[in-house]
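First up is the structure itself, then whatever we jot down about it.
First chain written, first letter: the chains are A, B, C, D and E, and each begins at residue 1.
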Amino acid sequence: MSEQYPALLVVVPLLSALVICVAGWVNKRLCFPIAVAALGVAAYSCIGLLLRVLDEGVIVYKLGGWDPPMGIAYYVDHLNGLVLSVVSVVALLNLIASKKSIDQEFPDKIGPFYTLYVLMVTGLLGIVVTGDAFNLYVLLEIAALTGYGLLAMGEDRAPLAALNYLYMGTIGACFYLLGVGYLYIVTGSLNMVDIAKILPSLYQSKAVLGAFIILMVGVWLKMAFFPLHAWLPNAYTYAPSAASSLIAPLVTKVMIYVMIRFILTVFTPEFAFNILAVSDSIVWLAVIAIVMGAILALAERNLKKMLTYIVIAEVGYMVGGAWLGNRAGMTGAILHIVNDALMTLCVFLVAGNIVYKLKGYAFDDLKGLYRKMPFTMTAFTVGVLSMIGVPPTCGFFSKWYLILGAIRAEHWFFMGALLFSSLVNAVLFFRIIEIAFFEPFTDHHAHGHDHQPEPIDEAPLSMVVPLWIVAAALVIVGIYTSDIVTKIIQFAIPEGIL
Amino acid sequence: MIWQLDLAILTLVVIAGIGAITVKDLLGAAILFGAYSFMMCLLWSIMGAVDVSFTEASVGAGASTVFFVAAVFRTTRRTKD
Amino acid sequence: MKIIGLIIAVLTGALLIYGTVDFPGWADPASPASTHLSPHFIEKTMEETSVPNIVTAVLADYRSYDTMFETTVIFSGGVVCFILLRIFRRKEPEDRLYRHVLTGATIRVKEGGKIPPDSDDFERIDTLWTPHDLIIKTVCRLLIPFIQLFGLYVIAHGHHSPGGGFQGGVILGASIMLLAISQDLRTAVQRMREKVDALLSPTGVFIYAGTGALCLLLGLNFMDYSALASVLYVDPVTARSHGILIVEIGVGVAVMATIIWIYNNLSSAGKYDEGL
Amino acid sequence: MQMLVAKYNYWIYITLMMIGLYAMIAKNNLVKKIVGMSIFQTAIILFYVSIGAKRGATIPIIEHGHGEGHGAGTHMVHAVDYINPLPHVLMLTAIVVAVATLGVALALAIRVYNRYNTLEEDEILAQIREK
Amino acid sequence: METITSIKPLLAVLASLLVVPILVTSTRVPNVREAWTFVAATVKFLIVLSMVPTVLKGTEIVYTVAEVIPGLAIKFRVDTFGMLFALVSSSLWIVTSAYSIGYMRGLKEHSQTRYFCYFAICLSATVGVAFSANLLTLYLFYEMLSLATYPLVVHHQDPEARKSGRKYLLYILGTSIAFVLPAMLISYNLAGTLEFAKQGFLAGTASKPLIVVLLILLVFGFAKVAIMPFHSWLPAAMVAPTPVSALLHAVAVVKVGAFSILRMITGVFGTNLLLDLHLGTLVCYAAAFTVIVASLIALTQDELKRRLAFSTIGQLSYIILGIALLSPKGMIGGMTHIAMHAFGKITLFFCAGAIAVATGKKYISQMVGIGKRMPVTMIAFFIGSLSVIGLPPCGGFISKWYLVLGTLEADQMLMLFVLLGSSLLNAAYFLPIVYKAFFCTPEESMFENKVQEAPPWCVVPLVLTALLSIVLFFYPQPFLELARMAVEGLLGG
């Protein structure tokens, strides 16, 4: 069966989503196990696929048995394999962790919610695995549509925020589609590898340039790259916690993947870095993105919204890293896809747990949380350390490569921006930790010393255990950075990039 | 393909498009959008894309417009721009 | 905002027009798009799938994976509309309005009051101003079966003429929408219950994806319909043709149900009352 | 001039896209934005469809293909005779995506209207700010 | 140089880390909890001690934990210099634990479990820094220490403590992220390695301006050493409970800073490189400035702990100064000063804490006549002062002697005067306290008769450290020997 892994990882969740939708009308309790099983199979296939790629190199899977470029084909290489595994594992963990909050927030719409959840994961996995530019668009739209639905299910401003996201997301997807159209008109092909073969003779073509720009702008819109980020904070803040902790870690990261895929495979680094000579300005944009994200985050007094601005800053990390145009920077960007997915998941799961117990996430609600929810907050601390970039958590190591890339490219401002954002993260999170650790929980003030400890009121085990797994993963991935880099990422980057 | 017809319809499409976004009544905008879609569908059949124009006729001019009308009825016709 | 919008639109337009400079001429038969992949599709389709309508063949076979997700997109659109709008526990108003169909008189029924059950003479309305036009109702009633028949034809004849599952599905859906507009939503929902929509919609997609998965189970790649040959007892090329038909039916079912589902939710804002 | 003749189609499509894009960004009314979105998407579809256009070719349904199926007796098919079918296929998908997006967008607009009782963005923002 | 592979360094680090879960679970039974603290402290000390003979033989103990970045591992290497530092900190942990018990119980502090847990983590980090084989590992433990001290600094949880905590983190974390991290990466990019080498791994890889930039980044980046202008966190952090101030701000934290800078100068840049480029002087001036200014500020402080804090700032710069002289004697002096100052200063802090426990007084002006009520404490205080001033018969004399020799050897007369002048200043801010404590008329005394010595848990440790300070004058061999070997290894080997 292992040769069918590429198909399974998309088809199983898709079919299960349909079954869940039916099951939602029959027996609501069936939905969750089916969803877990489906994502479990997907995660199994993804990891199996990654292991196969490590053994055998690039795997081509022809859908419908048609040879590319006639039919649609998957190209699974090291880059895909890695991102696929991350996406599927993150989605699975979040699903398990979110069950209680889903039950709590949508008692009568459980079926459709799980349907959308699994469909969204299908879409994201499909985006990552596909080797066809147009197919990517369709899957993009699946992920986006389900995302709008999931995000809009939140509290009162959520529909408006989701509608704004929809406008921006649609513009982004349309730009992407236009870019693909421009490429199609000059190459006549939709298959990424095939396009890449035809393109070198067309590098001077204005159409290719136009295609490139419009495509990148589209992808940036979707990943909320500054200054195209305006839709993101509200959309993620007011979303239900199960949705925000799925979407925040994955969607931006998958879009970064798309960008890297287009740089590396379709347009080739030669075109993107050498012929165009725009990398420097894009890194500058990334610098602004990081700095602005950090500053905007500083101004927030609301945990979840603050996290969303950090997501924006992190997007800047990865875009900048990818566009530094050297091996270290690209390694950093790819590594950061993995790490950032995990750490964003970690902090958003914490936010979810807090919302589940406290129904609020303004800073004032967080007082005394360390006593009240010690396990959640311990995991939060690990996530925070990773976000700041303290070794041996994984956040440090991707930052390591990004900074190294900046040094090798002699782009000091990017390095400065990375350090600045680390510092701001430290300020941001220690502000929270201070409130949560040292301020008493209820309004009964700590008179003198030796007051009675608050009773522990931890989130249920099914939410804490996945959270702890993620927190542990942050450290483990950090320690195994060397393996990830030498065995996977090194092969994901073409030889041409030094 | 007759380019005069093509050009004429293209002009109408642009007019319908501009009309749809400028008219100060959402129901009117919905109907103009229907007209726009239908014009579009004509254009495509001129280009020989019969399947696409068939789809646009049923979806763009049909279902989409109905959706618009439904939504306008459920909300309001009022618009400031 | 208007200025910014204008600037962005003009900039985008300028970029796009700049890109067109290096385009091949419009409708140029020698353009890459017409010479790279499409000749294969045009010349080989009959041989490989025995479907004369190339669009159908490419849609449901060469690029069937795309189309599967296209169906999934509309399905997810339906689910999203449902999850966003549908209101289950709505407080019923105390007074309910009914119209006596034959006379057109409106009756207000106080809380606890009932109209004779099993009576076709009364219909539930929600506002005093609810239009009622016999001509439209009757004509539409007459028209709907033919529309549906045409829809079925479009699905079934997709191999040979323009059309296929998607267009047919929309037409079928439109027939029910017509019913809902000409009568009211309650009548249409009585014909096709919400649950039926909600079940048919995933079922249609399931037919599609399930066919693909069946190929996978039969030992070939996903969506490789030639694997169906052993099940259908035909040669692989005909099996492809049949496979296309099966998935087109799936598309039709899914699209029909979903379009109706979306319409129902939109037109009643999730309350499933009289609709428009 | 020659370029104008060869390319004017594209330019009109781009004009349409600009109309849609402008409406999406600049309009204040949420449903107007959705109209703009649909116009934008349709214009892109138009662009794609026109890629497939081919002078001197007919619709992509093979003549003499009816009835006898594949195999013996089929006429030789020449690519120049038929319009490029690939963009059509893609655009069928795109239309479906467009209608699904439209449905979702309208559903969201209805939700927003139910909450704020208006569709004007500035009025909604004013309401939010008031709180 | 011979090397052997052994897991002992890792065990030494883990000993105090692994005890944390046990401490957490035994919150309800303070006696068990504190017994475990002692067990861990002893075990750690014994492990460190067990490595001493090997190290004294000139063998290095190496252990690689994990290769985290290709070619760059989390790795321990126990050399003589690291051993010196580990020995100081792990031995003082035992004493401080005892003192903590007395102090925390005496003042009925809250959240004692948290206190002991983070204390244990701090010690792990300190020993980790001591045994680091490369800059990455050092950075890791350095950051760990910064974060683990934060809860200790903010122990009181009142607004003042939180403000100080913020300041502490801003300085420590801020400088390490903004200065050390980029410097580390730039060095890595230049040299391709971060492994500490005898003559530095940067030698011959970079131009002079770049070296200067890196030197500045690394010297000021390790802000724990409180070189001006990055010193003001240290007085602020005095809000912490006294044992914390004692161990962390007189011993572990600040000494980790000093240790790190010594490592940078010797292991990253190498003395030869700095000598060639005449960069030692640069650091010298920074340190000398800090020495003088800090001593002057200390004179003006009325709060005892703050005066001690500024004294610490000055003394730390002695260490830096000693190393930056780049002469063998000076380096020996600097390294030995880590140990000598640690014993002296911890005594002083213990005394300050004991006074606080017994009387609640924090200001020097309120301590007139205290010597009559708490004679043991104040005699210990006197001994500690002598050691810090650098007078016989205390350990501090030994290190200062070598420092002075170092200035002569390096022909830095200016530095000689700085040292001597600052010793005078030291005397000026310590001895009056002692004088007023003992010699005053009964009318002047500010204390009632009922004031007693602090509880034995407090007094015994401070007597112990005071005695050790004296013992180290007569028997400075372990530390002196280790320092001499380290310097020989660096310069001669």
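To be clear about the criterion, a contact is a pair of C-beta atoms (placed from the backbone, for glycine too) under 8 Å apart; a residue touches a chain by one contact, two chains touch by 3 or more.
Values in this document were obtained by computation on a predicted structure and should not be read as measured data.
In the absence of chain A, grouping the other chains by touching gives B, C, D | E. The minimal number of chain-to-chain contact steps leading from chain B to chain E is 3.
In terms of C-beta pairs in contact, the better-connected of the chain pairs A-C and A-D is A-C. Compared with chain A, the chain whose C-alpha mean position is the greatest distance off is E.
The chain with its Cα centroid farthest from the Cα centroid of chain D is E.
One inter-chain figure worth recording: chain C and chain E are separated by 75 Å, centre to centre, where each centre is the mean of the chain's CA atoms. Between chain B and chain C, the centres computed from C-alpha atoms are 19 Å apart. Chain C and chain D have centres, each the mean of its CA atoms, that are 17 Å apart.
Spacing of chain D relative to chain E, judged by their CA centroids, is 70 angstrom. Touching of two or more other chains is recorded for residues 9, 15, 17, 19, 21-22, 24, 27-28, 50-55, 57, 59-61, 86-88, 90, 92-93, 96-97, 99-101, 103-104, 106, 108-111 of chain D. Residues of chain E in contact with at least two other chains: none. Residue numbers of chain B whose C-beta contacts span two or more other chains: 1, 47, 50-51, 55, 59, 63, 67, 70-71, 74.
A list of each chain pair in contact follows: A-C, A-D, A-E, B-C, B-D, C-D.
On the chain C side of its complex with chain A, the touching residues are 12, 15-16, 18-24, 31-38, 40-41, 61-66, 68-70, 72-73, 75-77, 79-80, 82-84, 86, 88-89, 195, 198-199, 201-203, 205-206, 209-210, 212-213, 216, 220-226. Across the complex, chain A meets chain D through its residues 134, 137-138, 141, 145, 148-149, 152, 156-157, 159-160, 162-163, 166-167, 170-171, 174, 177-178, 181, 184-185, 190. Interface of chain A with chain E (complex): residues 385, 388-392, 397, 400, 403-404, 407-408, 415, 419, 422-423, 426-427, 430, 434, 437-439, 446, 449-451, 478-482, 485-486. If you check the complex, the residues on chain C that touch chain D are 1-2, 4-6, 8-10, 12-13, 16-17, 20-21, 23, 25-29, 31, 33-35, 37-39, 41-43, 45-47, 49-50, 52-55, 58-59, 63, 66-67, 69-71, 73-74, 76-78, 80-81, 84-85, 160-162, 166, 237-238, 241, 255, 262, 265-266, 269. For chain D in complex with chain C, the touching residues are 3, 6-11, 14-15, 17-19, 21-22, 24-28, 50-57, 59-63, 65-66, 69-71, 74, 77-82, 84-90, 92-93, 96-97, 99-101, 103-104, 106-108, 110-111, 114.
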